[in-house]
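Here it is: the structure, laid out below.
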């Protein structure tokens, strides 16, 4: 019950936002904050009360939906999804805090954001293929609208491109889901379909192809990534937080939760390629990020790049790698949200995002500059920060399964360090080139409220990764049992 | 002989045989028409064409203007109204022919109700047209 | 033999027919009572709907007139769709038709189309099918040409009339050939002819029959009348014609295939698959180029005919049962979203520019339109998604490569359709309002229908369970 309530509170929030016709900006912002805090508090409660026993889906609730097909409203939380469930609630709250650059139609902005949150929470709690797909798609139109209405001048082509790419991916995926459910039952319960549902190897492979393609477009894995840059660059900051923090994980989570355990034999021949895709993301992301002149584009490519570690970890098929991947989903969300917000703050002060025009932040804006350095270090995988733990686990797992890909991924960390350090050198140190920056104020209280929690979590999870790993490990073992790995 | 064959032994005759009859019949038609034309050509006096002969046959009237011109839409209305009675006649006549027979089969009431419904629908159409002024020649 | 049962079986048709006569007579004898005629027409459609619901609820089944007319769950289901669409159409048309001064005629024509469509879904005899199709089509020619103030209306009506006649004659030719080869027009007898190796005449008859039906459901390459007819027709007529007769024609085609030629399934599924692929691509590719919303929706209705034909292609192997359900569910889903989308044209206008900034000026209408557009794309959990999902399910079970290809084409086409449906959404959400492009028309009743349809399209996710159960128990098979 608590799961359902948590998922649908944002819907109530959205309706509330639309009804508050006469509220001024301040009231609207605080009400939105209050609404966004509820799912976070509820998931915090779930963590404290049930965090230790999330092996199989618990806190479940299920109704028959289309009983003749075995489709049901089945929700429940397990260790695989809980981290992202929590992060969705957290990042939505952060997005509400960070929505200072949105001034027009504020109520509608929050309403649409909450609908997106509903979809995200739902995906990470869904225990039914069709329900998973429904929530998966519920995020789509809100994101399209958020980018298309509140983005910068290039927003419209970016928004429709984003929509068409991801809708293509998800429709292909849907075809795979439907084939999987109808040929093994009919039954669409993820739990009941575990370990192949009695399908032959050939059938599993035939079904795995559309599902993998659909999920990889969503991630995006590198050959499918061309929609992403425009959208990331055009979005308002607060949309970026959700867009980079949560949306790619819908794809990777689908791989861990559905593709691998439900079609173990079908996915198995593709695992080396999946690992290769991961490595491609890491290396391609690093190289392209290196060449960016726009700070936001650099962060966007860095974000694509480090998604590769998740793919590599998933492909490894062993405990270390999958644990690393599940954790990397969360840590990646934390650091990329942090970096995108900081880029927004810096750009608002400097009036530009061109790296060449920035500089001297350390002197003028010590907090923002320092936290930017922290985020960049996190992205590099510096020990002591959370990303290090998850990347290390992913690479070690990947190395065990596919040595070549593992070594290349480790090389990718070096490349990442290169471009991030180069960026820091140009942005934070050196003389202040931009006259606007000369008298710029440091991050204000509202801005600090958006970034400090993320930075703190990165540090805390870096020191105590077991806070997260203990929650997810039992569920990862269930996945490993399904694929017969160790 | 043919008739007797058809009447007496129709079931035994295959379709192929029947087509032979059809073919023969066609030949007969073509032959008759051809023969008529040939004979007419042989015995007719010399054919001199005139303007009147080249005209379209309009029930014997001399055509006065080009037929491709607009003419009053009222004619259409009358044509449509005529359809009501035309359809009525076309169906009522066969109905009347078998009505007696159907009474003996115990379907009298059914047939009667059916035809009343039919006439009622047509009457509705007529009433509609009447009220709309279709019968008035303005 | 005719008994009381017969009258009960025919009750929905009798009700809607009586009301159509009543509307016409009251309309002509007291021309000022436009409110009364509109109310009567709406009430008649509603009464028909209720009658069909009652028949369905008590499980009425029967076969009449020497097995040529059948009332079963399947037929009643489609009668519901037809009567429901007629109700919303009458509701939406009441104001507009009142202004033309010919409201009773317009409403009577709509109800007549409904009579034809409702008779059609019960026919088990090919000549009955032909008569019912004509009963549904002939009033629709008049409906298309009804708007005398617009030249496009006459043009569309003429084109529709000419192509419709050709289609009818092709259909009739096919029917006659099938009758000639099987010696009977009843589906049960026909099924005995369509076994084993098909004779050339049977094959030709089947191809002509399918071509005739393809014309009627505007499947490519027989679709060219659709955009002109729908653009010319009054909005409510276009909405109704794209939904109710089309659903009925698909239903009877399904019955002919499954009851009349089940053993020829490999042939007609292949034809359906090819037709489906061509239709989807043509519909969507042409829709992409339209700036007139009405024309865009016309091409979209062509594309949706293609989607339904994919379900026909899936009627083989293990996909038969699911394929029938897909046609049933898709028809209901499509009726809701397409009627709604057309009615919005009545409220806003047919130029894409008229939709600019609609979210700011008329949020309720804009939200409804957004729902219809998203449903037509197939975004879950709206109605269109479930129709497409069922088609894919049926396709996955069919076990035929050609059907898999058709399903693949359906997926690609869903994506192809995004730009034009979302073009409207983009105009409504992202653009600034433009004044004076078109004056907003239709109010009150149209708005009410739009809202009801939008809510039904959204809440389809709650009906899908019972609906699929109903479709599963519909009796065909």
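We call the chains A, B and C, going by the order they appear; numbering starts again at 1 in every chain.
Note that in this section a residue touches a chain if its C-beta (ideal position, glycine included) is under 8 Å from a C-beta of that chain, and two chains touch if they have at least 3 such contacts.
All values reported here derive from a predicted model rather than from experimental measurement.
Of all the chains shown, the one with its CA centroid nearest the global CA centroid is C. Of all chains, A has its CA centroid at the greatest distance from the CA centroid of subunit C. One finds 42 Å separating the Cα centroids of subunit A and subunit C. Rounded to whole angstrom, the centroid-to-centroid distance between subunit B and subunit C, based on C-alpha atoms, equals 37 Å. The mean-CA centres of subunit A and subunit B are about 78 angstrom from one another, to the nearest whole unit.
With touch defined as above, subunit A holds no residue shared between interfaces to two or more other chains. Against subunit B, in their complex, subunit C makes its touches with residues 2, 21, 24-25, 28-29. Those residues of subunit B whose C-beta lies close enough to touch subunit C in the complex are 110, 121, 124, 127-128, 131-132. Only residues 322, 374, 377-381, 385, 389, 392-393, 396-397, 407-408, 411-412, 414-415, 418-419, 422, 426, 429-430, 461, 464-465, 468-469, 472 of subunit C touch subunit A when the two sit together in their complex. Listing the residues of subunit A that touch subunit C in their complex gives 64-69, 130, 133-134, 137-138, 140-141, 144-145, 148-149, 155-156, 159-160, 163-164, 167-168, 171-172, 174-175, 178-179, 181-183, 186.
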